[in-house]
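Notes follow once the structure below has been shown.
When the chains are written out, they are named A, B, C and D in that same order, and each has its own residue count from 1.
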Amino acid sequence: MKLYLAIMLLLPLAGGLTSALAGRLLPRRLLEFLICATVWGGFVCAALAAASYTAPLTVNLAPWITAFDLGAPLSLYLDPLSLSLAVMVTFVCGLIHIYSVFYMAEEGDYPRFFALLNLFVFAMLTLLLAENLPLLYLGWEGVGFCSYLLIGFWYQDKANADAGRKAFITTRIGDTALVIGIAWLFQLFGTFSMVQLNGMAFLIPGGVVTAIGVLFLIGAMGKSAQVPLQVWLPDAMAGPTPVSAMIHAATMVTAGVYLLARMFPFFGGSAVVTSAIAVTGGITAFYGASCAVAQRDLKRVLAFSTISQIGYMMLGVGAGAITAATFHLLVHAFFKALLFLGAGCVITAMHHEQDIFKMGGLRRSLPVTFWCFLAGSACLAGIPLTGGFFSKDSIIGALWLKGVPLYQALYVLALITALLTSFYSFRLVYLVFGGETNAHIHGSRELKVMELVLVPLALLGLCGGVLDLPGYLGGGFLGHFFANLAGGKAAEAPQATEIVLQAIAGALALAGLAAAHVAFSGKARAKRIAEADNPSALTSFLFHAWHFDDLYRLLFIRPYAALSGFLWQRMDEGVIDDSLDRLAQGVGATGTWFGRWTAGRISLYIVSFAAGGAAILGYLAWVTLS
Amino acid sequence: MSIPLEHVIILASLLFAMGLGCTVAWRSNVIMMLIGIEIMLNAVMLVFVGASARWGVADGQLFALLIMALTSAEVSLALAMVVYLHRRKKTVNTDVFDSMKG
Amino acid sequence: MSVADVLSVMPLILTGVGALLVLLLGPFLQRGLVYCLAVAAGTAAGVWGALYPASYTPAIPGISFSPLARYLVPIFCIAGVLTLLYSHGYNDRHRIEGEEYPATVLFGLFAMCVLPCATNLLTLFLALESIAFAFYILVAIDLNRAESGEAGLKYLLFGAVAAAFTAFGISLIFAGSGSLELSAALDFRNRAIMSAGWGMILIGIAFKLSLVPGHLWTPDVYQGAPAPVAGFLSTGSKVAAAAFLLLLLGVAAPARELHVPLFALSLLSMVLGNLAALRQNNIKRMLAYSSIAHMGYLTLALLTGTRDGYAAVLLYGAIYTAMNLAAFGAIAALSGDEERARMEEYSGVGYSAPFRAGVLALAMIALAGIPPTAGFMGKFFIFYSAVKGGEIALAIIGIISAAISAYFYLRVVVHLYMRPAETTPPQPASPAESAALFLSAAAIVVIGVFPNALLHYLGTVLR
Amino acid sequence: MISHHLLTLLVFLPSLGALLILAVRKSDALARLVALGFAVAELVLSGYFFTLDTVHTLYPAPAGFFQYENVHWIDFFGIRYTLGMDGISLLMVALTAFITVIGVGVSWQGIKERVPLHFALLLLMESGILGVFLALDLFLFYLFWEVMLIPMFFLIGIWGHGRRIYSAVKFFLYTFLGSLLMLVAIITIFLMHGAQSGTYSFALVDLIGTKVPYDVGLWLFAAFLLAFAIKFPLFPLHTWLPDAHTDAPTAGSVILASLLLKTGAYGLVRFGYPLFPDAARAFTPLIYAAAVFGISYGAWIAFAQKDMKRLVAYSSVSHMGFVALGIAAWSPIALSGAILQMVNHGVTTGALFALVGMLDERTHSREIDTYGGVWGKVPALSFFFLLFCMASAGLPGLNNFVGEFLVLIGTFKVAPLPAGFAFLGMVLTLVYTVRLVQEILFGKERKPLVMHDLSLREGGILAVLAVGAVYLGVSPSPLLELVKGPVALLVGVK
């Protein structure tokens, strides 16, 4: 087992380093083969590990940081949660790697791209498999770093590089909270081991648990693009589409959810923390969906939908339904990767046009893409019997089953969001694939292969439901697999309740579809396109993502830059340094003034001397005679 | 001894102060300065001689004699210099010689 | 007067007779030979002084070759010899002719050698004034420069006033104690007269040591005097003046009422000297102000009135001699027909005359008190004795002013190495100059790194 | 015989090289080679000490020191020539030897005038710094402490850019002023110890036991702290640093940042805290405040910089804040982290200065505005640039992370509030680092710059540094093990 895990990690690392250091020296085909092979090798290892998995285990690979009682070894922990995610990550990433090879066929600077892609897989697996928090943090920052460089991969366009920077810094804000949490945990328990920490929450006052939980939540907010740290994700779409699919939809952005699920046993007991997670998730889910409704850029629609869907996962964690959250995470990974990759095909075909209002009729020219995209949208919308339907519903159901007013309010919010989700999903389909074609399609051999990659994802997305079927359908694999995890066992609902809940959700999804059909099919489509150039106030507000960017620019970025200049020129150079210079000037001037005493006139010298003598004698007289 | 040493010292001090005053008051005239210095040294000699008498030893008188030698050497040196400088600037005003300062 | 007595005062005889010989034979000998004769006399006196055992018994009335003399005589002789070595080439270039120059230097050296040998106030005073006389002449000896004569006049007039003060002080001590023995200075039965006497002496010595407010002559005289003379003046004459006080004090502390005057003198000198030097653009004037400050440090050590303090004074005297001789020697050796006065004239010299500039830079670093030079060792000893003697406040003020002083010393270094050359590169140095510079530089480094032997010897010097 | 004086050899070998270079002065190429030879020999020698695991000394050594020399020097004051090496010293020595090789490397071609003098000064500098890291006699320490100022003064003043003379003099005076008060403090504690025990000694082991009255201790520690805080540099005593770093030649900046700043931290660890534990405790809040404020302040100001070098210089102010924080916490973990961070910062910032120097050599501009899109032109250089920027920003897996992490964790344990504020520095650090990367490497070309990629020499230098950065980031345990014993002794835990 140790071998599997080690190889799983090392293969992508080796691939990444090879590509980074020697990528230019290798033939392109070989390099492409190599980087795909490493990830698929990782998948094989993950699969083998899954096959031979019996019980949770910790694997010690090597020491890392050891100082006195502080120990952060390179040790891995395998349990159902990390195992299932590792399998998913290697698989999805493997597909996306293959896709990338073709997507980036015309890119000259490919070694950098592949190196980062592979390093990302390494970091992501580290994050998932880490047994202790510092190692998790290594992966956590590692994925952030790769994401930063991949978003800004086409660095010559300033906007891309800026987007990368924004992502890096915004997530770093969350990361800082996470590290503070880690430090606090170490202060309290003297260990970083998540396994040990999870069993020790009862040792400390609830208030502290809450505080630490909130810190972790902020960390998760950054990585998983939750309100209010969500601003980076839409911009992150500046990166190449496979990157968006892999990092900003399927894997990295769910790291926050993973973290909270992993540490759930620790702060699951704190109602404040779980509520905070749930509220964050609920708000984010709604926020993302509402913004997605008004977007024009194909990838931004998907980005906001990602935000929204991760909001759902958070809701799941907040409701204590770890299985449901993980379930949704896995299924979401499939269908969101699918959607992004489909979008990539569309974008390639459309000569890098991303405005959905300028597309149309692609269902004929790109049939494979169309059907796969449709499947993905159905999953996203939660159309009954798709994977997305089951996974999302298990979260919504868990909310209702909490039976607390707060959660019931969130339940309502989640349902509204579901309706919106369905609406914007099909809005997208109608706008992109509906109508008549009005552009020349750029077909190529690469595009064909890229489309092929969509198929397995579409199948997985559609059939993802079998991973964890509801109880009335015979129960699910995940449910059993996760049964031993804390929070893994979801509240069992009576089957009737469950069926009713699912019916409501399904009905809403279909309602959304119907609404989209009314608004965007046939003639209405042309009308909407015509309207798009003069959006209403609400549409504009949603299009600008509730003006969060403007707000932050006003509140943080401008003052930061201004204060930075102020501190430098007024404070550092103006006050501190200048006062020193002035002091030096003053001392020098005093010296010159002293020097003027030596005026060159001997009479003055003798007078001064005599005066000095008189002073000394006067003093002596005063002392001896008194 | 009819005159107490204290009186001698007081007289000498006055003399010394007058000499100093002479050097200082006529400020820049080098001749007056030399005279002033001469008076100051005379005050010194007065004390030596007085103290010799008071303590009954000859050391002070010896010292006084040597001071006389010293002053004559000093004055000759000074006057030589005055002559030398007078040639340059046609003056005995020392304050004219202030090319170096600061 | 036995043979042993004659032998023990041999340094005095060598220098005194040497001076006369130089004066007498000068007209008949080649110029170089005259300097050789003078150097030989000085060297012989120094070597003799260093090797001949010291004793307290007077060889002739008023003179004894005491341990203090055995320590100081070689230092004075080194100073005199180095001055002569620097002067030869310098005087050549500056057309200072005649044998009276080496004779006067030797005469001054003779007087310096007498001073630490003095056993009574009369000899002491005469030695001190003789030194001054030699310098009155030497300062004004350059007839080609108006400044030289001007400096001589100022030094003479000021010196005469100060001498009067010193003499009056001695006369009061005599009046108070009835004796001219050195120990009389510590006889405080007649407190008022004695304090007045000491006050007068202090003022007189303040002039010699250029302590504020008796410092005003210093920049003018240093600037006006030929560089080697200024070097000799700043070392030999100052060390002699310090030795004058030490002889009066023996190992006793200064009377307590003198504490405040000494404190004031030291404080004012350190602060004023260092500050006034900061923007001084004439290198010799800068060194003059630096001299003022250094004498302030010396007074600080003296003020403590401890054996350590006095030992520090003596060590500092030796070190200061090495440093200033190196500095003025380098200035002399780098001068052409005219001296390089302004700092700018030293720009780029570090590369056109690496050895001389290197010595000058070393001297500056040493004067700034940066290890591993002797300057650091000396300052360390001074501040050590000051802290040990309880003068912590003054030590801190002194040390801060010393830190500030690094600025003007480094300015010279900056010009030497970091600015483009502005003037024509200097002529090659003569062997005599090189040898003298090497000696002083070696002294700076060796005393800086291995001061132990010298320190231990100092322990035996003080009675 | 020589095996008992290895430390002396270690300290003075570079000086020997310097004298040799100055004595020969024949050709520039020869000077370079000799300098490199001596620097590498020194590195090998310092590496040899890693193999000495047992106590190997002729003189009875205090606990923790496995190499020790203790010889008479100036008995008059009880000054002895005492050198000693423990794990902390060894780490610093190795860093010094390593960075000096780098320093020789980066100035191989950049220095075209007065080449022998330059390399001689580099080697002299090394001697001085090594002396500081090895001296255990306070007088000797002070001596080396001052000696190392001189070569740096010349390096900045002669081969610097911009206002080089102003910067050189400022650097010198600032540090000199601070350290002279330390001299008074050294003398004072020496005298106190002598009065108490009857034996006068400047040896650290003797002076540590001195009973210092509390209020006197405060003054003495303040004097030490002033000297060290200036070197550090702690806010607000840092303003010499941006000038000195910016105007120094590349090798000067590298050595200044990588080594000279470390001497302040080292002095505080080795002398300041152990000599005056009570006073140090009283000053700890102040150090916390300065450190924490400095971290954010330096980072914040770095963001506004227009000059790359100045930016890196301000980043040093920020990074060294972490070291100060770790020392102030004085807990085993934090102190280990602080010591490790000294090495890390040495490698990272040294590399960044080397990189800035390389860019400067190509384009003769350090203005950030002149660059842009450099990645496309010089990918190899850019790769290293990014790597070290990320290391500087504390990316886990690279060196700085380990040190900062240990410092923060260790500090949080004893002082959550300062540590909490220091954590915020992590964000600010990233902000300016990413800005630098952005403006230099990314975006479009702003001015047409002709650049060639790394030469073999430059690539070698950076690769070595990069290996160091990765090694320290991935496997810091051996080094932490090395400092564990001394740190335990200092902090007083088993």
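The definition used in the following text is that a residue touches a chain if its C-beta (ideal position, glycine included) is under 8 Å from a C-beta of that chain, and two chains touch if they have at least 3 such contacts.
Composition by chain, UniProt nomenclature: A = NADH-quinone oxidoreductase subunit L; B = NADH-quinone oxidoreductase subunit K; C = NADH-quinone oxidoreductase subunit N; D = NADH-quinone oxidoreductase subunit M.
These figures come from a predicted structure and were not determined experimentally.
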Open item on the list: Touching both chain B and chain C, which chains are there?
Closed with: A
Open item on the list: Comparing chain centres built from Cα atoms against the global Cα centre, which chain wins on proximity?
Closed with: D
- [ ] Tally the contacting C-beta pairs at the A-C interface and at the A-D interface, and name the larger one.
- [x] A-D
Open item on the list: I'd like to verify one number: the distance from the centre of chain A to the centre of chain C, where each centre is the average of its C-alpha atoms, in whole angstrom.
Closed with: 77
- [ ] Starting from the mean Cα coordinates of chain A and chain D, work out the distance between those two points in Å.
- [x] 37
- [ ] With chain centres taken as the means of their Cα atoms, state the distance from chain C to chain D in Å.
- [x] 42
- [ ] Round to the nearest whole Å and give the separation of the Cα centres of chain A and chain B.
- [x] 96
TODO: For chain A, write out the residues touching at least two other chains, lowest number first.
DONE: 592, 595, 598, 600, 602, 606, 610
Open item on the list: Where in chain C do residues touch two or more of the other chains?
Closed with: 153-154, 157, 161, 165, 219-220, 280, 404
Task: Contact pairs between chains, per stated definition - done: A-B, A-C, A-D, B-C, C-D
Task: Partner chain A, residues of chain C touching it in the complex - done: 153-154, 157-158, 161-162, 165, 191-192, 195-196, 198-200, 202-203, 206-207, 212-214, 216-217, 219-220, 257-258, 260-261, 264, 272, 274-280, 289, 404
TODO: Note which residues of chain B are touching chain C in the complex, please.
DONE: 5, 8-9, 12, 16, 19-20, 23, 30, 33-34, 37, 40-41, 43-45, 47-48, 50-51, 54-55, 57, 59-60, 62-63, 66-67, 70, 73-74, 77-78, 81-82, 84-85, 88, 94, 97, 99-102
- [ ] Provide the residue numbers of chain A that touch chain C in the complex, in ascending order.
- [x] 587-588, 590-592, 594-595, 597-598, 600, 602, 604-606, 608-613, 616-617, 619-621, 623-625
Open item on the list: Using the touch definition from the top, list the residues of chain A that touch chain B in their complex.
Closed with: 592, 595-596, 598-603, 606-607, 610
Task: Touching residues (chain side chain C, partner chain B) in the complex - done: 120-122, 125-126, 129, 133, 136-137, 140, 146-147, 149-154, 156-157, 160-161, 163-165, 167-168, 170-172, 174-175, 178-180, 193, 219-220, 223-224, 280, 282, 285
